[in-house]
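Here chain A shows up in two complexes: once beside chain B, once beside chain C.
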Partner chain A sequence: MKEIPDKNILLFRSCLVSVEYPGVEASTKFVFDKLGVDYAISEKQTCCTGLGHYSDVFDQLSTSAIGARNFRIAKDLDRPNLVMMCATCYAINKKSVKLLNNKDELREKINNLFDENGLGHLKYEKDELKPTENIFHVVDILYNKIDEIPDKIKYDLSDYTIATHHGCHYCKVHYEDTVGGVRDPHILDDIIGACGCETIGWYDHKRATCGTGFRQRYSNPELSFSATADKMNAICDEDVDIMVHLCPNCHIQFDRYQHLIADREKRKFRAIHLNIAQFVALAMGGDLDKVIGAKAHTVPIDSVIKDLKEVEK
Partner chain B sequence: MRDDLKVGVFLCECGGNIADVIDLDEVRDSLDVEFIGQFENLCSLNGRKIIRDAIFDHNLDRVVVAACSPISHEKTFQDYVKPLNPYLMDMANIREQCSWVHDDSERATHKAITLINASIEKVKQSDAVDPIYCQTPDEVAVIGGGIAGMNAALSLAKQGTKVTIIEQSPSIGGHMAKIGKVFSPVKIAEECGMCLLNPILNELVWNENIEVLTNAKVIESERRAGTYNLIVEQSPRYVDTEKCIACGKCAEVCEVEVPNDWNDNLSMRKAIYRPFGQSYPESYVIDMDNCSKCGDCFRTCNMRAIKLRQKPEKSLLQVGSIIVATGHKLFDMEKRPEYGYTRYADVITQSELGRITGVNGPTKGKLLKSNGEVPKRVVMIQCVGSRDEKPDGHRYCSKICCTVALKNANIIKHKYPDTDVLICYTDVRTPGMFEKYYKHTQENEVRFLRGRPGEVVKKGDNFIVRTEDTIKGEFVEIEADMVVLSTAMEPSMGTREIAETLNIGTTEDGFIKESHPKIKPVATDVQGIYVCGTAQDPKDITDSIMQATAAAAKVSEYNYGGVEIEPFIAEIDKEKCTVCGECISRCKYKSMSIQDDEIYIDPMSCTGCGKCLVDCKQRAITVNGNVDEKIVATINGVLSKKREGERMILVFLDNIGYTAADNIGVNRLSYPESIHIIKVISVNRVRPRHIRYALENGADGIFIGEFPGDLMYDEVERKIGMVKECIAEMGHNPERVTFSKVYIPYFTGLARKLTDFDNKILELNEAK
Partner chain C sequence: MTTQKITDSPIDFAEDIILDVKNSKEDGVLKCVQCGMCTSTCPAARHSDYNPRDIIERVLEGDMTIMEDDNIWNCFYCYTCHSVCPVGNSVCEVNQILKQFAINNGIGYDKLYEYMGFADSYFTAAIGAIPEIFFEDIRRDVPGWWEFRQNLGDIRDELELNPPLMPPEEVIDEVSTILTITGFKDRIEKIRQSQEEE
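Take a look at the complex of A and B:
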């Protein structure tokens, strides 16, 4: 397995997390603190451009230039390990590092633009960061600490039926760096296992997309939502209580649109949707409002999570 | 003193090919040697007498034949100079590299004089050396006892060669024994595989030249002067094959039942068992991992054949050559969880279907699902793990799966016409006669859908196979109650292990690599080791047998012909050598090893490239034949004939590059007279100091060409890069040195490159 750090980490903020589910960030910090992960957040860091990039608003040049700027911020803080809460940020930044290292022309063009605009200090040097050694997702960090998780667990969530949804941009873009399987992704199942719970494992459509497809949700809703419906029907068939995610895009697609898809499918869906950090934080005793950020969720968390029982030590 | 040596020069007119362009009278007048003569056709049989008489009459010590290319006639003239040592003769190539590439008589004549002079200087540095004859032992080891190994062994044994088959499992027979039915495309009918295999097996068993070692593995190998010393470890069988009469009473009383791997775990067998009805040796075997050691079999056996205390045995096997026939295994279905192989009993592989439909299989040939019913619809999924660019997949086509699927579909259709069979394919690959069988299958009402299914899921009692029909561009869900996966062929563990033990090259996919895919399809990169069957790449039974017999023929060539080796190879001064092992790691041809605490150089694989010389800190290695001195002498021989204002470019080429250069002449293309080609045994032998020396003594440019397929290519390219930096520091223009790829068929490219380089040197000279 690749080398995964637990210090000198810049926790890379995600626009979707901040706007839609701030509890994901609060939960990540909560869990990182519990596990002794050394991280910081920078106010200077900007959005990775992902949503705009995949909707053809930002081209690769702008995206890589923004990447170079964010990498400089990380380096200046002596936190060269960028850790993402969002699978889109993860794939976008990994690609930007690869391009900046390997495409000399692109790198020079961006560096010239920085120079011309008085931003010479942002210049990126070849191989300053490495895609595999410096760009991570929160799940990588949690997986690395998987042996330390069981000691920190406060609540027993093992009575719930749990399914996982692994985001495409974590599993299917940079295969070589994906931890815990690509064809049968199970990194989330493993982390949930460390919390003392067993997931349902494989289910129909487990590997399928959430359906978001960035602008597809708006420009091609029929296709987008039929993909989501396939998956929702499948987890409904398995009586799933909690679906665990690693990407806020998927999270939105399921949580915000669950009732609409229920109308469309004429079926009642009851699963709640938690990010893996929220799930681990919940199991570690994080406050539903202050840490998990339950109020931001459309499918009420307390519709499923009631009367938490403490683990027997 | 070498300068006092008496050199004779023999000029060949080549029936006008040379004499029409080159003024040989002028040549004769310009050279100062003991003897110089001119003849019409020196390679004809009278040439032998002419040369021999002159050697005796003039007491010649060395001979230069100025004629065609050494590629054409070096062997002839090495023979004609007898009783002189063959290596005291050198050829000046004034045909392919002079009269055939230049029109201007005056300049061609001057160049011929230069080339002959270079040969004269070079041959003075030659010493008498003897070619090395290697006769390897005739015995052969065939590793792997499947259809390929069996055929290779049988072919050799019938030619009188002693063969040992080393088979890892308890029986020979391999995959073919369990395949059920086979078909030939011409007959359009399926027939019993075992019935075809059995006669081969019997013939092999009865052949006195063949010894079969089962439960055996090669665990170590070393090679010395063409002999392989193999350490073979035989695991105990716990049953004495001499005594066992295969009555089966032991298995009757054995109470341990385990899945039967020969039936792809679809049935059970006992801990004491016979792999299959026709297995050889005809004896039971105990699976000690599962044996409860109750002793029932021991007490039941009337023949007292059970030997529970047997221990693994190691033995030494000495052979001259090895045929690797270690075969394949099938793709691990855990890597494709989406097809549910590990979750559902009725998702099976083609291999398992072969067992199920085989009359000696778990259901005695009946096509039954796990619940005992006949399936109503079977969906076959092609290219599982093959032609697959996703992680863990293989990019190659496994070649046999299309026809295997067709065969099994037909078998199902013959017996169960009501069962629907649908094959989901990527492309149907049925070249040649197989296309007729494909057509036959279509007529048999087997259905085809183009698309690679994404998932197999169970809904209720049935499976849903989800796929895109890529012809209609539609997403479809197919209901089925049995799914059969056509899994990729990949190198077996045995293939991977033997590659490491024997240190033979593999492809990026882990198959044994042939030394040339076009023209040396059964040789490996190690001399004396050959490969056949699916250890080399995916192939069917017919191809495996063809390759096996080809490998046997290659071994016979080797056994009968022996090997004559050019003597210009590395030699170790054992006094100086500290056995540091640096040379072993440096040698790209794997010719060095440590044996009996000394460095041993295998004359069969050393090319004399000299890489080891440079890296030996003790300076304990030399290469026979004064190679260095000859290169310097040749350079001097060329440059000493340089005229005022003449441009002289030295081109260093090895055998491949030299052949490409000859082709320029053969095809009557041209390049400038400034080009002087010097043949070296390895381009790596041209040292930085040679280049420097040439530049400082009048050479205007240095051109070094190397075939990119040569194992030393990267090394030479890197070295030339360094040389350029180094000569720049010394005040020479690095542009005067160039490095280029050469290919034999791409001689037009070489002619152009030589011309371009001459133009560049001209510019540099003018700028100066």
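Take a look at the complex of A and C:
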């Protein structure tokens, strides 16, 4: 397996996490602290452009120039390992590092623009960061610490029926770097296993998109929700209690729109939706309001998790 | 009925795609054997008239009217085709390149207009927030969302999140400068003007 760091990490803030599920950030920090991961967050780091990029509003030059600025911030803090909470930030930043290293014309154009406009301090040098060695998702960091997770578990969540949804922009974009399978993704199932729980594993449509499709959710909702319904019906057939995610965009699609799609499908969907960091934080004893951020959820977490029982040591 | 324009050198269209900065598959598009694996795994093909195999066929024929075909806007950018193609092509990337070609030719501005909020929030807050134009739909479709958003500050305080949501002013200024010198600001103004004039 590739080398995964546990120090010199810049935890890369995500716009969707910040404004939709801020408990994902709090939970990631809680779990990283428990596992002794060395990280920092910077107020200077800005959005990766992902939502605008995949809505076709941003061109690649602009996205990669913003990437170069964020990479400079990480390097200046001596935190060259960027760790993303959002699958889209992960895919966007990994692609920008690849392009800035390999497409000399693009890198030189961006550096010249920086030089000519008083932003010379942001220039990117070829191979300053490496896509495989410096760009990670939180799940990579958790997977690397998988043997240390069982000792930190406080609550037993093994009575719940659990399924996983692996975000496309983690698994399928830079598949050469994906840990834990691309065609049958299981990195989330493995991390949940370290929390003492067994997931349902494979299910129909397991590797399919959440259906957000960026512009599809807003401009083409029928198409978007038809794709989501495929997956929601599949997890309903398996009587799933908890669906575990790794991307805030997928999380929105399932948690925010579950009611709407249930009405559309004339079925009762009852799963709650947790990010993997929230799931691990909950199992490690994180408070529902102060760490998990339960108040941000549309499907109430306590509609499924009514009480927590401690693990027998 | 749309007119099919076949260029004198059909392969030039594919060559332009290969040379685009976004292309990560070298000459993958030329290796397409029309097996249809992309279409058989595609969520947009499953639920609409979008057909990734057909897109590559038309590209290889030099059929530039593909840029004006509304169906190309149905791609989810889920990269499923990209991850399963047996010859190392990526219709998902080709699709993104086709849309940028379209935009550079003044096509598809109506499709982008609703998303101008993504650009605006960058200049005002260096954040890629969901455009406010969609808030009314979200309020209608998602029970409790609007109330949650009104309480976001309190929820973030309870989670003791630091640094705060908004970056400092000098950061926003720097990001605004970058997006001006790359030509992004002009592109956005051009799209906005074209739609507001209509």
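Going forward, the second predicted complex is superposed on the first by the 313 of 313 C-alpha atoms of A that agree within 3 Å, B and C clash if a C-alpha of one lies under 4 Å from a C-alpha of the other, contacts with A are read in each partner's own complex, and residues count from 1 in each chain.
Basically, a contact is a pair of C-beta atoms (placed from the backbone, for glycine too) under 8 Å apart; a residue touches a chain by one contact, two chains touch by 3 or more.
Every value quoted in this text rests on a predicted model; they were computed, and no experiment measured them.
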{"item": "Which of chain B and chain C A:Asp302 touches, first, second, both or neither", "value": "neither"}
{"item": "First, second, both or neither for A:Asp239, with chain B first and chain C second", "value": "neither"}
{"item": "Partner chain(s) touched by A:Tyr175 [first = chain B, second = chain C, both, neither]", "value": "both"}
{"item": "Which of chain B and chain C A:Asp184 touches, first, second, both or neither", "value": "first"}
{"item": "Chain B versus chain C as contact partner of A:Leu223, first or second or both or neither", "value": "second"}
{"item": "Chain B versus chain C as contact partner of A:Trp202, first or second or both or neither", "value": "first"}
{"item": "Touched chain A residues, chain B compared with chain C", "value": "C"}
{"item": "First (chain B), second (chain C), both or neither touched by A:Asp115", "value": "neither"}
{"item": "Residues of chain A at both interfaces, chain B in one complex, chain C in the other", "value": "175, 182-183, 207"}
{"item": "Sites on chain A touched by chain C in the complex", "value": "15, 18-19, 22-23, 25-26, 41-44, 46-52, 54-62, 65-66, 69, 95, 98-99, 103, 105-106, 110, 113, 116-117, 119, 122, 168-169, 171-173, 175, 182-183, 207-209, 211-216, 218-221, 223, 226-227, 230, 256-257, 259-260, 289-291, 293, 295-296, 298"}
{"item": "Chain B partner contacts - residues on chain A that touch it in the complex", "value": "175-176, 182-184, 202, 204-205, 207"}
{"item": "Residue ranges of chain C in contact with chain A within the complex", "value": "21-22, 24, 43-44, 46-48, 73-80, 82-84, 96, 99-100, 103, 108, 111-112, 114-116, 118-119, 122, 126-130, 134, 137-138, 141-145, 148-149, 151-152, 155-156, 158-165, 167-168, 171, 174-175, 177-179, 181-184, 187-188"}
{"item": "Residues of chain B that touch chain A when the two form their complex", "value": "335-338, 343, 390-392, 455, 457"}
